[in-house]
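Per-chain residue numbering starts at 1, and chain names A, B, C and D are given in the order in which the chains are listed.
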Amino acid sequence: MPLAAGRISELGSAVTNPVHIHHSQVSFADTDCSSWLHFPKIFRHVEEAEHTFLAGQGIPVIDRELGGWPRVHVSCDFKRPLCFGDKIEVQLGIERIGAASVSWIFEVLKDGEVYAFGKMTTVRVDNQGKPLVIDEETRVKLGADGNRPADPT
Amino acid sequence: MPLAAGRISELGSAVTNPVHIHHSQVSFADTDCSSWLHFPKIFRHVEEAEHTFLAGQGIPVIDRELGGWPRVHVSCDFKRPLCFGDKIEVQLGIERIGAASVSWIFEVLKDGEVYAFGKMTTVRVDNQGKPLVIDEETRVKLGADGNRPADPT
Amino acid sequence: MPLAAGRISELGSAVTNPVHIHHSQVSFADTDCSSWLHFPKIFRHVEEAEHTFLAGQGIPVIDRELGGWPRVHVSCDFKRPLCFGDKIEVQLGIERIGAASVSWIFEVLKDGEVYAFGKMTTVRVDNQGKPLVIDEETRVKLGADGNRPADPT
Amino acid sequence: MPLAAGRISELGSAVTNPVHIHHSQVSFADTDCSSWLHFPKIFRHVEEAEHTFLAGQGIPVIDRELGGWPRVHVSCDFKRPLCFGDKIEVQLGIERIGAASVSWIFEVLKDGEVYAFGKMTTVRVDNQGKPLVIDEETRVKLGADGNRPADPT
């Protein structure tokens, strides 16, 4: 059951098969005294994209009983500086769904150009932080059948 | 049993009776594109002062069983801009200890001058968020006997 | 030229004369280990409301040549806890426009109920941080003629 | 002139040749509603380590005239969760000094165990954001002669 995986295109133009596109804006609170976006804040917008996608698919993001999806790896390349007020688009794709993990890829675009791109790997854990095999229903919602999930948002 | 309360001096020179003095530094992550400290970040440093004081007195800050101390009021006046790298001192005082609440006052100084000052009121709550009367032992640790608690930090 | 000022209603039900209503959502990044919104993050949403209003009125928020609007006072009362995913509404009003300052009031609502409310005073400064008298054009855009500005957003 | 580069050991036990060790603590403001450190906050502590090292070597971190060191790449692997109050140690090493860039490596330890590790690449830019060749004096301060710089902090 191969996954029609998202990929960051070689030219960096776009995630080829996004599961979700999230529109956002760089807040004053996202900037630092270089006048650019403070680099860790890119993950705020990417995580909002991920959570909006999960919620839209009916997958719990965090739950005191059911656990959640902590990150075990993140990376980001910054191509151009983002500034206060910039309207951005986070294209979110899924590169791979493992037994208990999801490898996300993302690109952050402004005016159709890539400003940042990267990866995040999240792990499905129970409420004690122990890894859990991702159940079949969730795998389908994540698109593991090779079809892009319907994005209701 | 009157409290020898901390007060912000009329001249704003210092909390007259600090229970704790916390030394810190303005991080790059605290600034915004005005090149000054992003105003809500002042509360990070003040909260660190409060938590260091509480921990030093053996008062739990947050506990899944015992609850914690959420804020019901905060205020801050900003007198001068703080910038990246500034070494600051948070003087923390207690203005009043109520049945279930603590009214903190603070001043943030640099080179002996007040850059910001304000108040925070925290409420003692159980792990369901319901207010709890502050027990006598905690009141003594907070200095409700009118004596400044020994600050072991 | 009296200002038909915004007021926080005595019952705390709503800013009576909002200049702007901003819809937002509590992000994972806004929460802390109490599982509630980390209190300083309320100001992120309020500042986004302010900046969206200013931008909508064509008033520069920050500019290397023209300066900006730093805060000299902020306060907030927290009535109920906000949690991850909560859809919120920031009602923003103007209480007073001074020679060089604007006194904002705000309420943060969820499902029609007030969760937090407070004030912020910003000062118009030049690019050296020196206070500037607010020009007539800006005063009109802010609604100093007693009419609620048309909110184009 | 080969660089006696820092390396993240295969067993992940420590940066083999740290240029700086930074002690810090996980603040309440660093956590999220999973009760763990919110992942992007790891970079706050790592960046503080970097900036403390640079300042200690007399290398400007940011300057309106001289420019600064924005990031073009960051990555982090998270091995174990960090929680509020945890005392941490950031071991910072330099993997490579390029013509205009520095490749940093880091490990975040608690009680001698690695909780997170990763990389950051910063680029030396002028005050317009254009890359600048790193001058010889700075290269020596960074340890490009193969000797670990004396760390005065």
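Following the convention adopted for this analysis, contacts are C-beta pairs under 8 Å (C-beta built on N, C-alpha and C of every residue); 3 or more make two chains touch, one makes a residue touch a chain.
None of the values given here were measured: they were computed from a predicted structure.
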Farthest chain (mean CA position) relative to chain A: B
Pair exhibiting more inter-chain C-beta contacts, A-D or A-C: A-D
For chain A paired with chain C, centre-to-centre distance based on mean C-alpha positions, whole Å: 30
Whole-Å separation of chain centres (CA-atom averages), chain A against chain B: 37
Whole-Å gap between the CA centroids of chain A and chain D: 25
Sequence positions of chain A contacting 2 or more other chains: 28-29, 33-36, 40, 44, 62, 84
Partner chain D, residues of chain C touching it in the complex: 28-29, 31-36, 38, 40, 83-84
Residues of chain D touching chain A in the complex: 33-34, 36, 39-41, 43-44, 62, 68, 70-79, 81, 129
Interface residues, chain C side, partner chain A - complex: 27-29, 35, 43-44, 47-48, 51, 55, 61-62, 64, 84-85
